[in-house]
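What follows is a set of notes on a single structure, which appears directly below.
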């Protein structure tokens, strides 16, 4: 059961993120929702490479025994970097939308429709 | 926005070089310990964020310098990859060569020797420069939005 | 050869069609050349006929008014369709999640 | 290693180098970036052409390039290039070159041109990377590079709030689809422990359709359909298309087709073995349903638009539907060898042929829409009329594009649509009938644009001039390609499309032959 805990956490985090994206109308909160989904996916990746009682994958500190998989950690790192870029860009857009529209409510930011 | 209190500003002044130093440490030791270009660069960029928040303005930084850091770092990274083209793109041509970062890697538990791993530390430095430039430019842009400065930062 | 494609049941040759098109164009040109020389260049020659009056601005129908009848007939189709494009980010996200769920359901139960 | 062996990575590295050099060059001179970036795009297009000769001239086995080492193993970063990859790269190469030349005069009025061209180069890098990579995680990284750069371009006109709104919405969608993609990749990695597409395909074929693999394929189809903008996942793309400046809409469309690349790669190379061994038609039907919905809803929404670029954006969605329909039929009969020979291959050929045709004529139409905006300063069709009096070349180009997109013979659009109609008719006549009906509606809506914008009396309040010659030249590149494709569809089909279809249907070899 305790082995399943990370996966349950992943499901909960992604679920909360999707809920925020669908039902919160504050644009900043929507960006936070996307960030939450991203954290959930990252946690999932990290969990995949984890082994109980294994060493961290650092070459110079390793002397026998099992190591956790380094690949998922590299993947997570890459996806965190991408996440920083997307979050920064989204927040910059929100700031600009606020400048032009005077509101960060999703119901107001809909001049483009139809 | 007004600058923050004198306590914050004094602490920022004294902490600023150490944050940069820690960032540089993370970058340079990227091939030995957890860390590397992005993490170190992000730490260094957090110093910029701290300064912007504490002194209430972005005037101390020039967008052009940061942009130069960004493209320069990436160009350095890419040229390292292109130099290895004799065998394959990104080929580690320095590893085991005995020159810069060219010592062979020791097996087993050891404190870690800086002069190993070939092009990887160089690439870490390149990425570190790029990340300081990129994140710094983001901080600058966001800071100038937040403080309502007339200067429009367009990156 | 170069212009031919075979679809499995039929074929199509673009070069032949283009040659036929050119031949037809030449024939049309020949027929047209039997007409009076320079008729279009005379006074009011190329202008549309509007009961002998000057053509008013409003003779050009604006884009929104084109296909009015079609759109009027199809109103019960268009109203919900255009209404669904709300422009609200929340709705976009909901559509994405719903479609993803739909694809999953189809994948499992079809 | 010789120069030819290094081609695959050079295709990605050259525009990347250009992207990082452009800001530095932009500090020196304002006009320098536009020429250097076009030069870099031209060089990479040349490299793509060389690559195409190599791949199409070979025996059909993909070219494998390993980064960082001379011996290929599937655990390194691997580029794996077959005819289909090169086919998509050719589309991007041609379109990006036309767009960059077109943008020379279009961006005259804007500041920050170095950033504009940097972003264009990054979009191109993303698309090339997506099409050339042999590694799923790299696919994700390039997917995100292209999405981020594209939304930056959509928000390029900073004086308008609408452009930020469109960019925000597009970015939200592409981020969500990127995360779904990452989740699918993580699910695959958890089962097989590798990221190489060829090795994964081997594992999936051996396992068949386990429930987890079904979830993975559903996620992959969903997020690539989001990138490609298929209904009902199309929501932000019409706004993003219409708000992006000038030629960027064309680039946007070419970059969206990288989403189609991912979709087809996932359903053929990655899951094709499992689909054909289990005779699993559901995947094909999902793609067909997405295609029919895109086709129909796209064109009906286009009919009621009055913003010329948004109208064309909805047509873009509708044309994507044709591609999905054609290839979807191919996926649906993947397990049935006789049906595959009788009409399945023709359907996939039609779909891929339509992909390149769509890139050409839709790209041309977006460029003419940009020219209309450049001349009149508005995108509202209600405020335009009589442009044909002064913009004769643009009018002619628009007509060529409109004829091609409506599938009037002898245009290239007709050739590919004919392939789709006839092959789909044998699969299911009703789908073919819908496709033809949509074609009629397409013609109707382009007649509307042609009538309201180009015909009629001259505009009184504005002096309309023909657009500058670099814009004309950019459009002329695409027009020349359309005319060539119209006259010689058989040649294009035999040399370009058929090897790509064969490559799609064939399993990838594992790097290093493990």
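Going in written order, the chains are labelled A, B, C and D, and every chain counts its residues from 1.
In this text, a residue touches a chain if its C-beta (ideal position, glycine included) is under 8 Å from a C-beta of that chain, and two chains touch if they have at least 3 such contacts.
These numbers come from a predicted model, not from an experiment.
The chain pair A-B and the chain pair B-D differ in C-beta contact count, and the higher one is B-D. For the pair chain A and chain B, the distance between C-alpha centroids works out to 23 Å. Each chain gets one centre point, the mean of its Cα atoms, and the points for chain B and chain D are 36 Å apart. Between chain A and chain C the centroid-to-centroid distance comes to 45 Å (mean Cα coordinates, whole Å). Separating the centre of chain B from that of chain C, both taken as means of CA atoms, is a distance of 55 Å. The multi-chain contact residues of chain D, meaning those touching 2 or more other chains, are 158, 168-169, 172, 176, 239, 304. For chain A, residues that reach two or more other chains under the stated contact definition are 21, 27, 30, 96, 99, 109-112, 114.
For chain C, residues touching at least two other chains, in rising order: 82, 85, 87, 89, 93.
The set of touching chain pairs reads A-B, A-C, A-D, B-D, C-D, using the touch definition from the header.
Touching chain B in their complex are the following residues of chain A: 56, 58-63, 77, 81, 84, 88, 91-92, 95-96, 99.
For chain C in complex with chain A, the residues that touch the partner chain are 82, 85-90, 93-94, 97.
Of all residues in chain A, those touching chain C in their complex are 18, 21-25, 27, 30, 106-107, 109-114. Interface of chain D with chain B (complex): residues 1, 6, 9, 13, 16-17, 20-21, 23-24, 27, 65-70, 77, 111-112, 115, 158. Residues of chain B touching chain A in their complex: 32-34, 38, 42, 105-106, 108-112, 135, 138, 141-142, 145.
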